[in-house]
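We just call them A, B, C, D, E and F in the order they show up, numbering each chain from 1.
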């Protein structure tokens, strides 16, 4: 049972309505998922969250499928049922088939195990990414 | 400080040596990372772990880069320093550049936040992946 | 479905009854919440837990509202549905309104994100609290 | 060892410089903490993160001290050393004394314990916050 | 609602059937638990997982009861409802009574608390296990 | 670097000294581990924590070794370095050898993996412990 009232999709609140309309247009969906209707209980926070999702969940060096797979991997690690379902659904819509989902699951399981093996063995890092020495590029 | 003695790369133990040789050949590396030298304290567990990694961390429906990205995402979520470093290094070796790594980080951060927003709002799943009704294929 | 039998509020067990009566008096409630009825399956552990809650969840340098907010923040971070509901309810009863609850949620989400940004970036602490050099005061 | 190069405080990158200047002015500090210098490896993500922190970590229904206490509580629950230190330092600067910090710690410990007692006992929520039925206010 | 189709116990898939038969024989059970029917959506992963469980969950230096107690402790710490129930059931079947289960719960709660006290206090390890200096034995 | 001053073993504070003496006598140790010296910054919390450890970490239906193994399993799952070291050391002192420690690690790793497999598969509990219907016994 939600801890806030889910805001109606057709709310008259202009700030909320603007975000809802942008979500539908950006995601090409007809129905606002409950997470956004719940966040709408605080319009300023809704705007901040949607702006952040919109800025991060767009194709970049990583394509959208890879980003949804990361989102699913994080949600499976944490055990967030809502997010496991919605990100697996999103990855599937982008083309991930059953076998691909099985591989996501296998890798997530494997490294949740290895993280603990490392903690139990108390070993220190010995393989590092190379760190670029240049300044960030102006964009 | 490790809780077990790291086994020497040139150990005479034949079970351990066989795994170490296979790791070097499969991964095309010259040096055995400490995680494997620590797991080698229990040769049977070492074999089991390596067999599992070898079976899962090969290209399938997901390419190896995507699998290393998932491994990094899980390790960042859990805060395992050893694994964060080694999987970012592995993804980088496979071609992930600084901008790509920045995107992995941004998505992992974003959904660790959203998992908690969902838990605080206590909303129920409303978007689900489609579940295939066919039997698994014999392989 | 609970893994133990919830003990009846009107149990004849004197140790359990004494704790239940103290919970009702201290909290000014009519009904024993299920967590206490479940813990009562082990009367000694029930006593220990209640004594600990009673000692910690009283006004001190922090008022009770702040303590319930911390309890909610911890429970949202961990994803414990029972505790999210009961501590948000407690904070609300002490006067936290919807906007305040929205702020708790926003801060919890934000720093669950930042904890992972830090882990992915592998940065070392560089801002520390000042540590008082005096001995603890006798009380 | 950071996985990105920490950007110099006096960088010529204008986007990064603008954020660094705003951090110094807003927080009334002379030195940019490492988290921001590391995030600056990706200027767009730096801007997004700072904008979010600035929007959320301002006095509202909750004062800044309470928000820093929540940040510390989350970071202690997750075990993020960097964040534990920096948020305890921030709360201390706002006036939280040693006794207050001890109370934060005690409450965080207590409810990390209770979250697990609930999970082991598998009890369902029975105390809920009241959910307001009104539409969100335009602001 | 599962994210994969649960494979029928009487499936004609020979790889899956072989694992199901081995699970029934090894565990002396008549009915395949849902976790295995779900993993069977990917027969290769099913085989890998069952082989791993079979290799680890057998009496060794630790008896099976102790291993099931560890499995329950991990699952309670993580809040995995399915696993909390199934491992408490398994430990109970092996002879753990209500009082014993209460002790498992108390210890798990206690050290989830202490892990956070340590993180909040930021203390460094000062008591270490002795590390054996010998090579692993050939088996 | 600890966030509180570690209290000297030979402190003149009578409440702290009484706990320190009891820890040495109960545990048959000569030196107070840092966790207790840090908790001593708040004498009342120190007393509460020690009383709780003393009440729970005594032989009951589970022997002390099993309880230390649970403590280690919890600490490995959470990644608390201090606690991993101290509980593995305690179990070793009680007789757990290298092979036994390897088994603890293997089981902890395995079920951290399975917890995530369950979360990714979103299956509901189907095997439950039997719940005793009797009232708790007076003790």
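Going forward, contacts are C-beta pairs under 8 Å (C-beta built on N, C-alpha and C of every residue); 3 or more make two chains touch, one makes a residue touch a chain.
This is a predicted model, so every value here is computed, not measured.
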### Summary
The chains touching both subunit A and subunit D are B, C, E, F
### Most widely separated chain from subunit C, with each centre as the mean of CA atoms
B
### Query
How much rotation, in degrees rounded to the nearest 5, is required to superimpose subunit B onto subunit C on the basis of Cα coordinates?
180
### Message
Quick check: how many Å separate the C-alpha centres of subunit A and subunit C?
### Response
29
### Message
Between subunit C and subunit F, what distance separates the C-alpha centroids? Give it in angstrom.
### Response
20
### Residues of subunit D whose C-beta touches two or more other chains
1-4, 41-42, 45, 48, 52, 56, 77-81, 84-85, 88, 98-99, 101, 104-106, 108, 110, 112, 114-115, 117, 119-122, 125, 128-129, 132
### Query
Based on which chains are in contact, what kind of graph results: line, ring, star, complete or other?
complete
### Message
Per the contact definition, I'd like the list of subunit C residues that touch subunit B in the complex.
### Response
72, 76-77, 79, 81, 84-85, 88, 104-105, 108-110, 112-117, 119-122
### Complex interface listing, subunit B residues touching subunit D
79, 84-85, 88, 98-99, 101-102, 105-106
### subunit C contact footprint on subunit A (complex, rising order)
1, 3-4, 41-42, 45, 48, 78-80
### Task
Over in the complex, which subunit A residues touch subunit B? Could you list them?
1-4, 6, 33-35, 38-39, 49, 52-53, 56-57, 60-62, 66-67, 69-71, 73-75, 77-78, 80-83, 85-92, 96-101, 103-104, 106-108, 110-112, 114-115, 117-130, 132
### Task
Report the residues of subunit E in contact with subunit B in the complex, numbered from low to high.
1-5, 7-8, 11-16, 40-45, 48, 51-52, 55-56, 125, 128-129, 131-139
